[in-house]
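Each of the next two complexes has chain A plus one other chain: chain B in the first, chain C in the second.
Moving on to the complex of A and B:
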């Protein structure tokens, strides 16, 4: 129903909203979904997703016709495939390095990946430089998203649905089940004969594949790519989106991204000027306050709030139960609340 | 147990999405994007974050002051960012639809440009501030919005006009190289430099700014032996200071914004006091905000920009008076940031008046008028070349000791470099390589036309 509604959205909205709110929410959602996949199924909270999607974006942008970069003039689809392949490979490599680490160490290694990628592209002027690559040629079917945002919107929608369905499918495969076992108790899985590090590295590769799709869409969306779009702030934005939506609920990725891009845009219109304290240029403050409120009110994000409200209602309907007081960790499609993984 | 809950969950999600879409739809309706006749919508794009975020109100203030001084605009608050209403040009209401808040990255500049133009329906955009932002916005103007008009704010990367050549992008400020005109010759002929090192932030504006020095210094016969490029946003310059050679006659510093203050401190910690005979800087050295923060270490050194800060002519006084609506901006009148946005709005006001406020016909009449505008600016006339890039005088300025009772150094303009054009008399063209870390090469050539024709000035 949601997908059907989103499919009909272009008839409701003007091209700006379609492009700057919905399309942006969809590609940011895919980037956040790659993080939520890793955190909810693999117990890995990665700050490296921005770096990985940047590798896909920069690879693709260098291969096609563009102003800046290598400008090699490849067919956009071939360049897209190459971008995704290089980023996935890069992800597996990073996964191999990070897979033996847990908790804060894993977080730091993945943060380092994003920072290294940022400085690499900012400093290697033959591949980008600080100014980045402009007027990147998208495939003909996408066209110029500023003039006609529809094709890119549908491409992002289809990609989002495929990513969602794909992750759900993967979670039920033996690989996905083993990954969830590793998330819950790596030592026991090791004892059962599973190669825990390999599993985690491969899962990181899958996360990289998903992130790389977001990377490609982001370049088509802005028609350019520059290190300014993959800096530390963006790395944190992706984490904030995932946490606002719900770090352990796949749907949360797109919910968080939709809320983020809506606030990002409209806070500039609605925010009154209060001296130097508050104003349209204080967007980060607003997001920060919302982030704090959500984290305090519901560690499961917005989707977590829905679920706990629903669980309470159900319990109220059933009458008092033994466990009244604390909302139980409800299982939804194999995803469980797993704050211990943090 | 699981099945009904899952369905309910999905219904909830769908409801949430519907709610969100309804909210965005409402918000969208509240900001109509159609151009009503009788109203001209202008968006102003600057930086409110990043290295140049502190110039936000100077930028917007420079532009809005013109509306207040000449077109009946009324400030709606004490700060420029509070907005302005009531301005009319040629009988048309001028509506400031919003202020873009970028952070000196191309990504953010485009996002904000699109918000102002596509969402808020700006017919005309003034901005942006920084080099790479300017190149991105010029590309956007050329490719995506050929029927709207863009006037640069104060971005100064050469590529934005010389290479992109968007027919609807107008820049009434000199580029970074033009702002350095006169310094290469001063270093070679007055200070006796034969070899030099340069250091600048690693992005498009310093590439252009240092290119102006390199082109002129090398054309006369000097040699630039080392180019050092710390990334924009660097907070620790020690490793870059260490890379600067000490066996050269001088060092040209093109680090801008907040980074300049840190760099100068760390340079002095490493190498002792700055020798004004062996150090030279670009326009940032003599910006009022930065000069106040830096204090006295630069006294005696020479820099250049499109501003003659000690000029007290009637023209300059009139300009400063125009800024009186915003006292804080007026204090920074002698800042290229204020002047750049002031020039853009001044040119726009003149052009709109000359076409009687007519922006129909895809704004072609307005754009034709803009191309012919000559601003009688506070520091000389500003006209446009065939790429819609400013031709203007440049001013070589010396930092002087602070007056009694102050710790902020003064400025003394010593040379006028007349009618500096973007090509440096043919040194740069649309076919020369884009400026970067290694371009332009250091080569002896015919010097730019102003070398030997500098006009000594003394404003007393």
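Moving on to the complex of A and C:
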């Protein structure tokens, strides 16, 4: 139903709203979904997703016609495929490094990966141009999103649906089930003969694949890519989106992204100036406070709040109903410590 | 054990290459080495606080870099408003020892208290939920970073060192910055020594060491663990504040330094092992020397790879994790 609504959205909203809020929410949602996939099914909270989608974006932007960078003039689709492939491989490599670590260690190692990717592209100007690669050629089907935002909107919508369905499907395959087993008790899964590190590294590769889709869409969306767009602030924004939506609910990725891009847009319009503390430019403060409140009040994010309200209403009204949803979601209520390696 | 052998070979090649270059140009080698050591000293002061808090409380303080930067801004502002010190050569007054020390002390204490406040208000009631605590400190760092841009602007500033101090000292035939070499390295050595004494010789240190090993047991023995936690957080934040003023005098006070020094602290403790002071010292030295050498010696005749020096830091981390996932002196939680 939501998808139908979103498919019809272009006839309801003007092209500014469509492009600035909905398209942005969709690609940010995919990036956040890669994080939520890892956290809800793999028990790994990764801050490396921004670094990985940066690798995809920069690879693609260097291969096609663009101002700055290598400007190799590949076909946009071939470059897209190459960008996703390179970023996924990079993800598997990072996964192999990080997969032996758990919990907070994993968070720190993936954060280091993201920040190092940022410094790499900030330093190596042969790959990132001076101040970024601009006028990146998208495929002809997408065209220029500034002139006509519709094709990119639909591309992002289709990609989002595919990512969502794909993750839900993957969660029910033997690989997905083993991954959830590892999330709950790595030592037991190891004893049962599963290669724990390999599963986690591969899961990180899957997450990287999803993140790289977001990376490609983000470059098409802004038609440029620069180190400034992949800095620590952006790394944290992706985490903020995932937390606002709900770290253990896949749907939360897009809920969080929609809230994020809405606030991003409108806080710049109506936020009053309060000394130097608040104002139209203080979007990061606003989002930081929201993030803080959500983490303190409801670790399950907005989707978590929604579900607990819904559950309470059901309990009061017609008794317990059969809960539908992800197998992972029901057991994990909020941010909990995942069992560390023994 | 194949990766171990490969890494050892790589290490030997790197040392040989640096030694070869060192023989070619001794003065340059010495300056680059001093750069690495002075950077390492600053890294150590920052990372010691970070690793102390983590070791005892399992709190990864992602706002550590923000505290570092905020201390720099506080000291810079105090120097300007209290003493009229500015970097402007024409209209500004140069700094004296007092107008450097007072801002340093005030900024350090303010940051120490801010750290305790943060711990008491936001972290105390989430004890044991380490991921949630990390998220809370991330939120605080986001807010602090934005507010610092709002209040102090985006321009790089720097805290003025006392004009009475010499600009440089001569060591082994090269002139080198006095502040970097004597003050920063001296501060790092004094702090390292003091922390070592406090942790190994005092009752408070004994409780901290016991707390790192087994929190619940210490608590069961009648120690008020909450007071110990607050004390540890105070020391950790004080160190971040002190390092912020030192770093702001040695390098600059500018937006982005918060994430840069958070990353440096992370790398130092990933290499050295979480919660280990000796590990922090070795990790700082490794990071300082690697980043300093790689900025100069990644130059092979016609191919200049110094742009890629950040990759060597990455390789350093990867190599360490491949051999010892918990760092040099890290122990499982």
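By definition in this document, the second predicted complex is superposed on the first by the 315 of 342 C-alpha atoms of A that agree within 3 Å, B and C clash if a C-alpha of one lies under 4 Å from a C-alpha of the other, contacts with A are read in each partner's own complex, and residues count from 1 in each chain.
By definition in this document, a residue touches a chain if its C-beta (ideal position, glycine included) is under 8 Å from a C-beta of that chain, and two chains touch if they have at least 3 such contacts.
What you see is a predicted model; the values in this text were computed from it and never measured.
A.B. asks: After lining up the shared chain so the two structures overlap, which partner does A:216 touch, if you call chain B first and chain C second: first, second, both or neither?
C.D. replies: It touches nothing on chain B or chain C.
A.B. asks: Determine, under the contact definition given at the top, whether A:242 touches first (chain B), second (chain C), both, or neither.
C.D. replies: It touches nothing on chain B or chain C.
A.B. asks: Applying the document's definition of touch, where does A:285 land relative to chain B and chain C: first, second, both, or neither?
C.D. replies: second
A.B. asks: According to the stated criteria, A:299 is in contact with first (chain B), second (chain C), both, or neither; which is it?
C.D. replies: It touches chain C, and chain B stays clear.
A.B. asks: Check the residue A:231 against both partner chains and state whether it touches chain B (first), chain C (second), both, or neither.
C.D. replies: So A:231 meets both chain B and chain C here.
A.B. asks: Touching A:269 in the superposition: chain B (first), chain C (second), both, neither?
C.D. replies: The first partner, chain B, only.
A.B. asks: Let me test your reading of the model: by the given contact rule, A:253 touches which partner, first (chain B), second (chain C), both or neither?
C.D. replies: neither
A.B. asks: Counting only touches as set out at the top, which of chain B and chain C does A:15 meet: first, second, both, neither?
C.D. replies: first
A.B. asks: After lining up the shared chain so the two structures overlap, which partner does A:277 touch, if you call chain B first and chain C second: first, second, both or neither?
C.D. replies: second
A.B. asks: Identify the overlap between the chain B-contacting and the chain C-contacting residues of chain A.
C.D. replies: Residues common to the chain A contacts of chain C and of chain B are 119, 123, 125, 231, 279, 281, 283, listed in rising order.
A.B. asks: Hey, which residues of chain A end up touching chain C in the complex?
C.D. replies: These residues of chain A touch chain C: 45, 97-98, 100-101, 103-105, 107-109, 111-113, 115-116, 119-120, 123-126, 231-233, 236, 239-240, 243, 276-277, 279, 281-285, 287-289, 291-292, 295-296, 299, 335-337, 340-341.
A.B. asks: State the interface residues of chain A toward chain B in the complex, per the touch definition above.
C.D. replies: Checking each residue of chain A against chain B gives 1-2, 5-6, 9, 12-17, 19-21, 67, 119, 122-123, 125, 129-132, 134-135, 144, 146-147, 222-224, 226-229, 231, 251, 255, 258-259, 262, 265-266, 268-269, 273, 279-281, 283, 302-303, 306-307, 310, 314, 330-333.
A.B. asks: Name, in rising order, each residue of chain C that touches chain A in their complex.
C.D. replies: Checking each residue of chain C against chain A gives 58, 60, 122, 128-132, 134-136, 138-143, 145-147, 150-151, 259, 262-263, 266-267, 269-270, 274, 307-311, 313-314, 317-318, 321-322, 325-326, 332-333.
A.B. asks: Chain A touches which residues of chain B in the complex?
C.D. replies: The contact residues of chain B facing chain A are 2, 5-6, 8-14, 16-18, 20-21, 23-25, 27-28, 30-31, 33, 48-49, 56, 77, 79, 81-82, 98-99, 101, 103-108, 110-111, 114-115, 118-119, 131-132, 135-136, 139-140, 143-145, 157, 202-204, 231-232, 436-437.
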